[in-house]
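Quick heads-up: structures coming right below.
Next come two complexes, and both contain subunit A; in the first it sits with subunit B, in the second with subunit C.
The block that comes next holds the complex of A and B.
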């Protein structure tokens, strides 16, 4: 049953130009970044591995931002546009609903990744890191995006309002992303170190650094970064299960 | 009477406000029931409880016996909230719901539904361009897409022009003749008097009267009263 919700979401995203517009914007951003890396006199001086790391951060960061904005309205949109009652009058479960919506948001990340592949190929040309770069951007981006979609869905079921969900999601995203770009000296004190260890965005960026700058491309060498990401996803799944339970017990329609 | 819906002591509160306060009633199979009450009496809450959208705080109900695993398969609902996906065409919209109900041959089924509600000519137009009346018709088509045994209608003709009202009312009569039990919540008392064989009137979430028009006339002691007179008398307090 979830696949009908998934297909409906994808058709809606394409028809309303929502996703298409996001893909064009991310493509323009990546074009500008890649062009600058390859032609700007000062950026050209960057080591290629540093350049790839920065590009990887931009791809994952852009994907996170776009998916967070999109996911903020995917569940709440049904509530605000009063389409949810008709949906739940059909023999569809809340699980089908959540899974269909989740896959739609994840598909958007898939499209963003596909759009970014040519840019990754161009900037990694001539280095032996091309396949590792693409694989790790996909793996790390997918893990962070999964966790973030679950977080946004949690907020959606609790708030039932797209504005509140979007605002809170963006604040959380900023709170996670800003410390991730702190210089390594700031992470040397215990608090900075702890923050860096539990921050999923920081772990994704650090794993990219480990792969591209330090050349540690084996999966086993990146477990210290992947494990916190997996824990983040599991935690968000638990939070979402709780929020879905609250939503279900309050009723699909809530009279204030 | 063999009740297809049997509701006992339905109670629901929203914060401090009691929307339903021990409401009990039965509906017989094949009956066309009018469900009346002033604004805020608890009509929509009752429909939402019976269709499983919200849960009751107290009381219980059965629909078509206690053993039916998923009651939604036999219910058709035209809810008060009529949200649509404006980017879809009626064919896509009904096709989507036909998929959710796992209806085989959905193209043919949606074609029949659209001609039933008089929207065949607009089958490929975007719903976003539809008038209110066309959306009401589409909402009815969606309610009928699983060939329901019981049809819940919450203000189905609200906002329709007289011709639109008559078309929809004729369709209700046809559906009732086919054996569908109809639960009609409406403020249009003439419509209810014309269509329904029995009426349930609620006020402040409580049952105040039920029966045929003749029975209600006896109840208030005025043989020549219209349904409007009866309604106003019973809900004046």
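The block that comes next holds the complex of A and C.
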């Protein structure tokens, strides 16, 4: 049953020109960035590896932002528009509903990744890091996006309001992304170090740095960054399971 | 009596002035890198130098740093972007001891430059400098601007084309 929800969401996303405009804007952002990196007098002084790292951060960051905004309204939209009641009249479980919505949000990240592949290929030309760059952007981006979708869904089931969910999601995203772009000297104190170790966005960016700048391309060399990301995903899954449980015990129409 | 006093005063002054004259070069600084450090903008190069205590006593608290000047504008260059290691501090240099110095610099802007290494010892008013090393930084040729332009322009156009087709198909289906 989850497939119906997934396809319905995808049709809604892609079948109007307004709903695909974000993909073109993302593409323009990547066009501008990669063209500036390779032709701008000042920016092209960067090492190619650092250039790839920055581009990787922009791709993952853009994906996170778009998915966070979309995920904020996908569940709450059904609740606010009262379409969820008719959905649950069909032989569909809450698990199908969540899984379909989850896959739809993840597909958006898939689209952003597919659009970014030509940019990754052209900027990594001649560096021998092309395949590692594309693979790690996909792996790290997917892990951090999965965790973030689950976090936004948790908020959606608890708040049942798209405005509150969107505001909270964007604040959390900012709170995680801003320290991730701090210089390494700011992470030297114990608090900064601890924050960088538990921050999923920081771990994703640090793993990209490890792969692209330090040349540690083997998966075994990136476990210190991948493990916190996996823990983040599992933790968010547990939180979402709890919020779904609360939602089903309270019922679709909450008595307040 | 007055003449004797004047003579003694002159002799005393000359004795006081003597240490200043002999104090002029306790340190010798020499750049070890090639005299010409040519490269391309964006390159990282290592400047090596040596500092030697030419006296028979240890010298404490020595600070060494680079001084870079643009040969075309005749202005000193701010090393903010050029080098992460601005100054190297040496606690003590023993009598006759030679120590290596090393700076990693990033060629930021193309042009002709002159570089010297300066050493300052605590309590000494006269800094020691190395000989001038002149180098030329060539402009960087971009990586592959010929390849990026088709992708940078092509991707949004391709997406726009796909969007138009999808919208057209949807509208014809509805009609």
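Note that the second predicted complex is superposed on the first by the 250 of 256 C-alpha atoms of A that agree within 3 Å, B and C clash if a C-alpha of one lies under 4 Å from a C-alpha of the other, contacts with A are read in each partner's own complex, and residues count from 1 in each chain.
Here is the rule we use: a residue touches a chain if its C-beta (ideal position, glycine included) is under 8 Å from a C-beta of that chain, and two chains touch if they have at least 3 such contacts.
Keep in mind that this is a model prediction, so the values were computed, not measured.
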(Q) In the superposed model built on subunit A, check whether subunit B and subunit C fit or clash. (A) fit
Q: Could you say whether A:246 touches subunit B, subunit C, both of them, or neither, answering first, second, both or neither?
A: neither
Q: Please state, to the nearest 10 degrees, the angle that the Cα centres of subunit B and subunit C subtend at the Cα centre of subunit A after superposition.
A: 160
Q: Examine A:234 and indicate which partner it touches, taking first as subunit B and second as subunit C; both and neither are also allowed.
A: neither
Q. Counting only touches as set out at the top, which of subunit B and subunit C does A:219 meet: first, second, both, neither?
A. neither
Q. When the two structures are overlaid on chain A, which partner does A:8 contact: first (subunit B), second (subunit C), both, or neither?
A. first
Q | Touching partner for A:175 - first (subunit B), second (subunit C), both, neither | A | neither
Q.
Quick check for you: in the superposed arrangement, does A:119 touch first (subunit B), second (subunit C), both or neither?
A. second
Q) Looking at the overlay, what does A:31 touch: subunit B (first), subunit C (second), both, or neither? A) second
Q: For A:83, decide between first (touching subunit B), second (touching subunit C), both and neither.
A: first
Q: Based on the superposed arrangement, let me know which partner A:23 touches: subunit B (first), subunit C (second), both, or neither?
A: second
(Q) What does the superposition give for the shortest Cα distance from subunit B to subunit C, in Å? (A) 5
Q: Pick out the shared contact residues on subunit A: the ones touching subunit B in one complex and subunit C in the other.
A: 15-16
(Q) Going by the contact rule set out above, which residues of subunit C touch subunit A in the complex? (A) 41-42, 106, 108, 140, 142-145, 147-149, 151-156, 159-160, 163-164, 166-167, 170
Q.
If we count contacts the way the header does, which residues on subunit B are in touch with subunit A in the complex?
A. 14-15, 19, 45, 48, 51-55, 70, 72-73, 75, 77, 79, 81-85, 87, 92, 96-97, 99-102, 139, 142, 146
Q) Quick one: in the complex, what on subunit A touches subunit C? A) 14-17, 20-21, 23-24, 27-28, 30-32, 34-35, 38-39, 44-48, 115, 118-119, 121-123, 125-126
Q: Would you mind writing out the residues of subunit A in touch with subunit B in their complex?
A: 1, 4, 8, 11-12, 15-16, 78, 81-92, 249, 251-253, 255-256
